[in-house]
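Below are two complexes that have subunit A in common, paired first with subunit B and then with subunit C.
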Partner chain A sequence: MIAYLANLATIVAIFGILASTLNVAIGHAGIFSVAHAVFFGLGAYAGAQTAMLLVPDPLLALLVAALIAGGLSLCLALPALRVRGEYFVAASLGLQMVATTLFSELKPLTGGIGGLVGIPRPELFGVTITALPLALATLALILLATHLLARGSFGRTLRAIRDAESAAEALGKHVAVAKTLAVAFACAGAGMAGALFAFHMAFVNVESFTLDQSVLVMAMVIVGGTGTLWGPLLGAALLLALPAGLSFLPFIPPTEVGAVQQILYGLAMTLLMIFRPAGLVGDLGRGKVAH
Partner chain B sequence: MAAITVENASRSFGGVQAVAGVSITLPAGAVTALVGPNGAGKTTLFNLITGNLRADSGDIRLDGAPILGLRPWQIARRGVARSFQDLRLFTHMTVRENVLAATETGSWFWQPGGRAARATREARVEKALERTGLARLAEERAIDLAYAERKFLSVARILAAEAEVWLLDEPTSGLDLASRRHFSGILREAAQQGKAICLIEHNLDVVVELADRIAFLDQGRVLAEGEPQAILRNPELAAIYFGDRPQAVEATP
Partner chain C sequence: MLFLQLLQGGVQTGALYALTAAGFALIFGATRIFHFAHGAAFTLAGYAFLMAWNAGWPWPLGALAAIAVAVLFGVAIEQLVYRPIGRHEGGFFTVFVAAFGVSIVVQNLVGMIAGRGFAVIDTPLSRATEVLPDLWIAPVFYVAIGVSALLFLALSLFLTRSHAGVALRALAQNPDLIRTYGLSSTRLSILAFALGSALAAPAAILTGMTVGLNEAMGHHVMLISMAATIVGGVGNLKGAALAGLLLGIAESVALAFVEPQWAEAVSFVVLFGFILFRPSGLFGVAVAR
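Right after this comes the complex of A and B.
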């Protein structure tokens, strides 16, 4: 039971990182990316390859994953600078589809459909550890960074761009720089989550980095509350705990858990958007996001 | 001294000549009103000055230095601020954040200058909020403000930005008399402090009350420029403004 809970906590922490970093793009900068799983995948492959080919040092793996995912975030930043709203959603969807195909086909780097197996357990200062403390520490750092970012001038710049891009530019904001930095931060964080995921699972393949995963992370942000600090983490915990909770209910046959889960997800999302459009942690009174 | 000098600027959209060889100066320390019927090219002229649109030809200078071809954020950082007809406030941010954001031109993770610079920026914010009567609403969100308060917020951002050139698109439309007087007082005060203020305005009472000079635009051209009373008494211009266009009106230099 303890191992089960530790596994659940690790996964919640990893998806908490994913949702919190996506929240910087969606909640603060107004960049509705449905390609966050791409950078999760890039980080996972980078972290796994670092551990397999070099050393299973989690700090090095996290750094490499963040650099690669953050660097390749330009693939997302470039369309974000050109288009907004539904046009950007379509562009990021295209990126997600391209990346999924590349993940499947670039066998020397990703292992193809079969993925990468035998990822060693992380060793910190010569001691083999589990991914849980790493995931919790990284989550804490990400939450601290997003909190500082949101309450400072950079957060104001992002929200100004989100609310009225032309007015922000007319007040001297360099929109391209701010958007690129926000996307790089979000994607680097997703990359770190990927490296942690690789260490935790000891196996990664393309199925963890598909559009479904991107949509799930976006749902976590929206359910929890866009633009809030704790909302994305709460959303991640709820959406991951739901299937776990359902599996304990004796009157639902194990073969039907998946279907019931999908129905409940759909119902919960619909009801939430009707009664709490700003998410669980969002400001109830005004139906708008809280900062 | 002319803060903004526009020389023979033109801009067309497809076959439509929105601005056709406009030359105009916006002097420091004066309020200039752009007057003319809808579609005269007034907002397009603003967009050319602020870099939101690029002129097809001509020259635009700020204090003698060319600004044509610069991006809007670069022109803004040189001291040209504008308001929009539809206000474009940062709706989900508080009033204070709206104004504070106007003082923070750095777009990286931090602002230069450390704590001393931050204290200066916050002092500018407080001063702008006091002057516009928004101090009591500082923690309200822009989206929750009444229309007149939103208008004042749009000018509070410019006040706090300490811009030298103010381009205001219909700043007093929809304001009651008391609010309009308050607004006019802010603009007159800024002009006395040496700011170059240019407003697009359809309310001729406001123009007479506030403007030192008028530029009358029609079909992308400046038809007349000068003292408000002289321009507004011109029957041909009045006919154009009120929709009874004569066959030909000579442009005056």
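Right after this comes the complex of A and C.
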């Protein structure tokens, strides 16, 4: 039971990081990325390869993962600077589809469909530890960073860009720089979540980094409430507890649990958008997420 | 001859992509709604025909049932999902997420009811004969091309010659002016959804006869329609249809050079390139950012 709870807590922390960082892009900067799992995957492969080829030092793995995911976030920042709205969603969908193919075909780097097996346990100062404390510490750091960012001038700049890009530009804000930095922060955070995920599972393959995963993370942000500090974490906990909760219901045949769970996700997304577009934690009076 | 065979497959797939993409582009152009659940209409129509066919219905009845299911779905989602969201001025992302939710629900419901995995509609039309040495063509190829061409002709006549069609094009340009002239924009957007969704039905039926149906295919269909609409230039039905055809051909002909796993990525590399370098698409006018 303890092991089960520890596992659940680690997964919630990892997805909490994913949802919180995606929230910086969606909620603060108005960049509606449907490709977050790409950077989650990049971080997972980078962290796993670092641990397997060099040393199983989690700090180094996290750093490498953050650098690679943050660096490649330019792939997402470029279309974000060019286009907006539906066009950007389409671009990020395209990126997600291409990345999924790359993940399953670049076998020397990613192990293909078979994935990377036998990722060593993390060792900090010569002591083998589990991923849980690492994940919790990273989550706390990310939440702190998001909180500071939201309150500081950079957060205000981002929200100004989200609400009125031309006005922000007219006031002398560096729109391109701010957008690029926001995307880089979000993607680097997703990369760290990926490295933690690789350590925790000791096995990664492309199935964890598909469009479905991106949509799941997006649903977490939206269910919790975009632009809020605790909303994404709450959303992550709720959506991850859902399958566990469903498996206790006796009247659903085990083969259909997955489908029922997906149907509930879908229904929750649709109904929330109709009746509470600001999310569970979001401001009740605020009717719209963005233009 | 391999190249010809791939080209033939590409034209066949492309003609069907073009139909679905035109439906999506019609809806998006007229109502500005990014109808991400368009793929769900496709899946529902395909399975409706499959069930009717397996139950021994004659094919015209099955096709009517498929069209009815697609139209009902399109109108229902317009009324029950998009309209309430539009009423509280939800942004495009709200619409996108809600539509994505609907498509997840449909995909899993279809999987639970009709079973998961590939299902092929087996008709005498799908049996290929050797036309030229090493070139196999099934009669469904001619049907797909004929049906697509005919529907496009009908659609462009409707949009240019009938009152409702002209009003639909006007809705795309200026919804406020439509109201001034005493036309109902509500009724017109229902019409756009009904027509757009109906276009997905023949494409779904013919796809079921060629490569087969699968409960998760709505996603792929949707992504292709979206890609075609953007590559063709938003608001341009002919552009969307042509881009759909080209994407189908590119996907198929690419098989001559790369492994089959890469086929889907080809479409999205094209899409990504267009968004980066020519967001207005092939035939579009420059759009406001």
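Rule of thumb we're sticking to: the second predicted complex is superposed on the first by the 286 of 291 C-alpha atoms of A that agree within 3 Å, B and C clash if a C-alpha of one lies under 4 Å from a C-alpha of the other, contacts with A are read in each partner's own complex, and residues count from 1 in each chain.
Keep this in mind: a contact is a pair of C-beta atoms (placed from the backbone, for glycine too) under 8 Å apart; a residue touches a chain by one contact, two chains touch by 3 or more.
These numbers were taken from a predicted model, which means no experiment stands behind them.
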item: Subunit B versus subunit C as contact partner of A:A91, first or second or both or neither; value: second
item: Touching partner for A:K173 - first (subunit B), second (subunit C), both, neither; value: first
item: Touched partner set for A:L149, first subunit B, second subunit C, both or neither; value: first
item: Contacts of A:M273 with subunit B and subunit C, given as first, second, both or neither; value: second
item: Touch count on subunit A, higher of subunit B and subunit C; value: C
item: Contacts of A:P120 with subunit B and subunit C, given as first, second, both or neither; value: neither
item: Subunit A residues contacted in one complex by subunit B, in the other by subunit C; value: 288-289, 291
item: Subunit B - residues contacting subunit A, complex; value: 50, 52, 71-73, 76-77, 81-82, 84, 88-93, 97-98, 100-102, 104-111, 141, 143-144, 157, 161
item: Of all residues in subunit A, those that touch subunit C in their complex; value: 26, 32, 78-79, 82-91, 93-95, 97-98, 101-102, 104-105, 211, 215, 218-219, 222, 256, 259-260, 262-263, 265-271, 273-274, 277, 287-291
item: Contacting residues of subunit C [partner subunit A, same complex]; value: 34, 81, 84-85, 88-105, 107-109, 111-112, 219, 223, 226-227, 230, 259, 261-262, 264-265, 268-269, 271-272, 275-276, 279, 289
item: Subunit B-touching residues of subunit A, taken from the complex the two chains share; value: 149, 152-154, 156-157, 159-160, 162-164, 166-175, 177-178, 181, 227, 286, 288-289, 291
